[in-house]
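Sharing a structure with you now.
Think of it as A, B and C in the order they're written, each chain with its own count starting at 1.
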Amino acid sequence: MTNLKGKDILHGNQFLEKDIEAIIKMASNIEKALKKKDSFTLLKGKILATLFFEPSTRTRLSFEAAMQRMGGGVISLGSVEGSSVAKGETLTDTVRTISQYADVIVIRHPRTGSAKEAADAVSIPVINAGDGTGQHPTQALLDIYTIYKELGSFKELVVSMVGDLKNGRTVHALVELLSLYQSRFYFVSPKSLRMPEEITSHLRKKGIKVEETEDMLKAANASNLIYMTRIQKERFTDLTEYERVKGSYIIDETFLKKLRKKMTILHPLPRVDEITPEVDRYPGAAYFRQVKNGLFLRMALLSMVFGKTL
Amino acid sequence: MTNLKGKDILHGNQFLEKDIEAIIKMASNIEKALKKKDSFTLLKGKILATLFFEPSTRTRLSFEAAMQRMGGGVISLGSVEGSSVAKGETLTDTVRTISQYADVIVIRHPRTGSAKEAADAVSIPVINAGDGTGQHPTQALLDIYTIYKELGSFKELVVSMVGDLKNGRTVHALVELLSLYQSRFYFVSPKSLRMPEEITSHLRKKGIKVEETEDMLKAANASNLIYMTRIQKERFTDLTEYERVKGSYIIDETFLKKLRKKMTILHPLPRVDEITPEVDRYPGAAYFRQVKNGLFLRMALLSMVFGKTL
Amino acid sequence: MTNLKGKDILHGNQFLEKDIEAIIKMASNIEKALKKKDSFTLLKGKILATLFFEPSTRTRLSFEAAMQRMGGGVISLGSVEGSSVAKGETLTDTVRTISQYADVIVIRHPRTGSAKEAADAVSIPVINAGDGTGQHPTQALLDIYTIYKELGSFKELVVSMVGDLKNGRTVHALVELLSLYQSRFYFVSPKSLRMPEEITSHLRKKGIKVEETEDMLKAANASNLIYMTRIQKERFTDLTEYERVKGSYIIDETFLKKLRKKMTILHPLPRVDEITPEVDRYPGAAYFRQVKNGLFLRMALLSMVFGKTL
């Protein structure tokens, strides 16, 4: 039996298939139960501390809402300027201090490995909400949950991942989880933003079919779903290159018309120009449902690290 | 029957007289009930999201306290720097995202019309807490509630509005509501900060008596109440003009002695110099009671948008 | 009978011995009860407002967690830029406004005397969480509680206080409380950071034995406990002097080996270099337990100002 009680949630690869299935099941149970009631008391008396050393409105609010909907309370570090961190305190001391007040910590930090470092320093569960270019496992899990809900399964899929595949930690973690389930991938990106070689070769070694291409339409038409990501201007030194590259990966009505079948479109958000607002009305545009699924998924995870299930 | 369930609160002019009376009644019921109990569970399991794209301590804390006193929870966007907004996300996408986590949104935004734009983008109720020089309807409603409590009625009054009538959205919204009830107005301001012509002419067309003057004492002595506002230094290019103008609209003990009768004094706060601290002891100085009434009024509104009444 | 109901907590010297004992007792009862349950409902429906005009992650989060663990809610001023304070509002007006929304206020402010000023302006209890170089009474009380737990008593102790004794308000308040109980002190600091003359002479007048020294080891070996504090770089104009001074007051394994008996080590945190991480494993290193005790102590104080006891 999967038991996340007292466990840290640090990395996509810590989960076995049965763990993922147990988490999906719990999120689904919560979602169903919420149709009949507004909230739960499973986590009554528990306190979540959110420590965002890097801002992320979406992820922080998602966790804070999830904790409160499970009946718990929230304390939040707020902005880092002027905090004890600014006085020269180590990350280890900060989290050890906060762990005296809270029952679970959610941390985002710009340094890869920092979530693990925090988890090692304290006795309460730590959830990684993004550590540098490292991991963001709850995003990957909510993506899986969304795929499950949109497509009925998250197994043996053909998935087009599009955009900045080099820097996107969301994409890296998701590929890792999906590859547990015999998925095949199209990696669609400009040359300068290709999926890191160690990831593609690691996938191929596991027998996963991977095709790299710059042709988004061809890839999409061979796939069950498109996972779009934002191409970040600040990664480019040559802005004309940025404009050229950005313009080639845009989902708009014209693109939708060229699709040969109904397609599920995901995006971790925020988006800028890569999906035009008119696409929001397309039935397969699932990115705002994906946001909502993040709430259910985080309610599930928070419950499970306290050993509570529905 | 007035029913605000699922409705947005965007503009003073959305309310009919019976709506205003229902809101006042609900605020009054809550105020009475709070004498016997500390809090309610009417909104248990509901989450309020506060989105202040422009800081407003008073209004934000008032809503957050109100939501918690009704039994609900709160998530808050916090400062905007570094949030997804800073990453180029549109207001529409931000509120659609947050609406996946919360059950009601309170928004303050510097752009006129932004609250309406937010409300159109989401399916949960949106409450406008100030949009640029546009509206701030909950302030106008709490002012009405205060007038009702201080004077026993908010109908057929003579009201002196004093200070910066040009830029004060509080004053604009309040005039709109009071004019439903056959009030008469003195608009007391320096020439450069007069009430916008479209408002005065609109009032006169409705048969409302309006007199513009620079003489605060004369106006006050003909009125039931004075509504003071702050004259903002930053509106002036000529600072000697600012000093001259500011000095002519100050309520202090000397001014109080010249009043021919007891007067109710309101102010949306914060104040700077326009009401001196010695005035706080004057029985008619109602501006801190006005703050308290904001709490009851917002508890009422939050309940009513969920279809809950007392 | 000690009754803190409706009282402000402003200054270490406001407490009689029986008050301190009642507070310690209440904290201890809460700590014991928390072993059997997660939280309390004693403060259900009450709202705490935290007003930190100067950041202090640790103290703010401690109070916010404490309030929620007692069943209450929290509103928080957040950062001061752009708030009504920035619009020129006086501290008095700000706290009077907030007191309309909340049932108790915790304030930190850079100006000595500001907490008293706030308390005088409002009718709800105000708790001083640090006012400039003045007081920080809840820190002193949690230190006392920690000493009681670590040593079995907080009476007739020999205490070494080490580091910046000139500027450390924590140390000043703690000395005041401990001196009620016939303690003796070693004040260990560089010459430039000695305990203020008025404090040492005041202690001596009360018959308290005080010895000033620069020799930390000698003092430690004659004491029951060491209270370490951080030497702040920003106090020095001569940085070589800073480096020299800092280096002489460091607790590390080498120092621990020279101690002739088991020693209790406290520190208000954050620390920088003055206690090395290897010391954390030393059984007498009580500074993280001290953090936890702060939670219990603040749960006790918040309850007691509402007249609630366990």
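Note that a contact is a pair of C-beta atoms (placed from the backbone, for glycine too) under 8 Å apart; a residue touches a chain by one contact, two chains touch by 3 or more.
From a predicted model like this one, the values you see are computed outputs, not experimental measurements.
To overlay subunit A on subunit B by their CA atoms, one rotates by 120 degrees, a value rounded to a multiple of 5. Although subunit A and subunit C share one sequence, what matters here is the overlap of their interface residues, and that overlap falls short of half of the numbers used. We define each chain's centre as the mean of its Cα atoms; on that basis subunit A and subunit C are separated by 40 Å. Shared interface positions of subunit C, defined as residues touching 2 or more other chains, are 78-79. Every residue of subunit B that touches subunit C in the complex is listed here, in rising order: 37-39, 54-58, 61-62, 64-66, 68-69, 78-79, 230, 269-272, 277, 288, 291-292, 294-295. Those residues of subunit B that touch subunit A in the complex are listed here as 44-47, 49, 73-75, 77-79, 81-90, 92-94, 96-98, 100-102.
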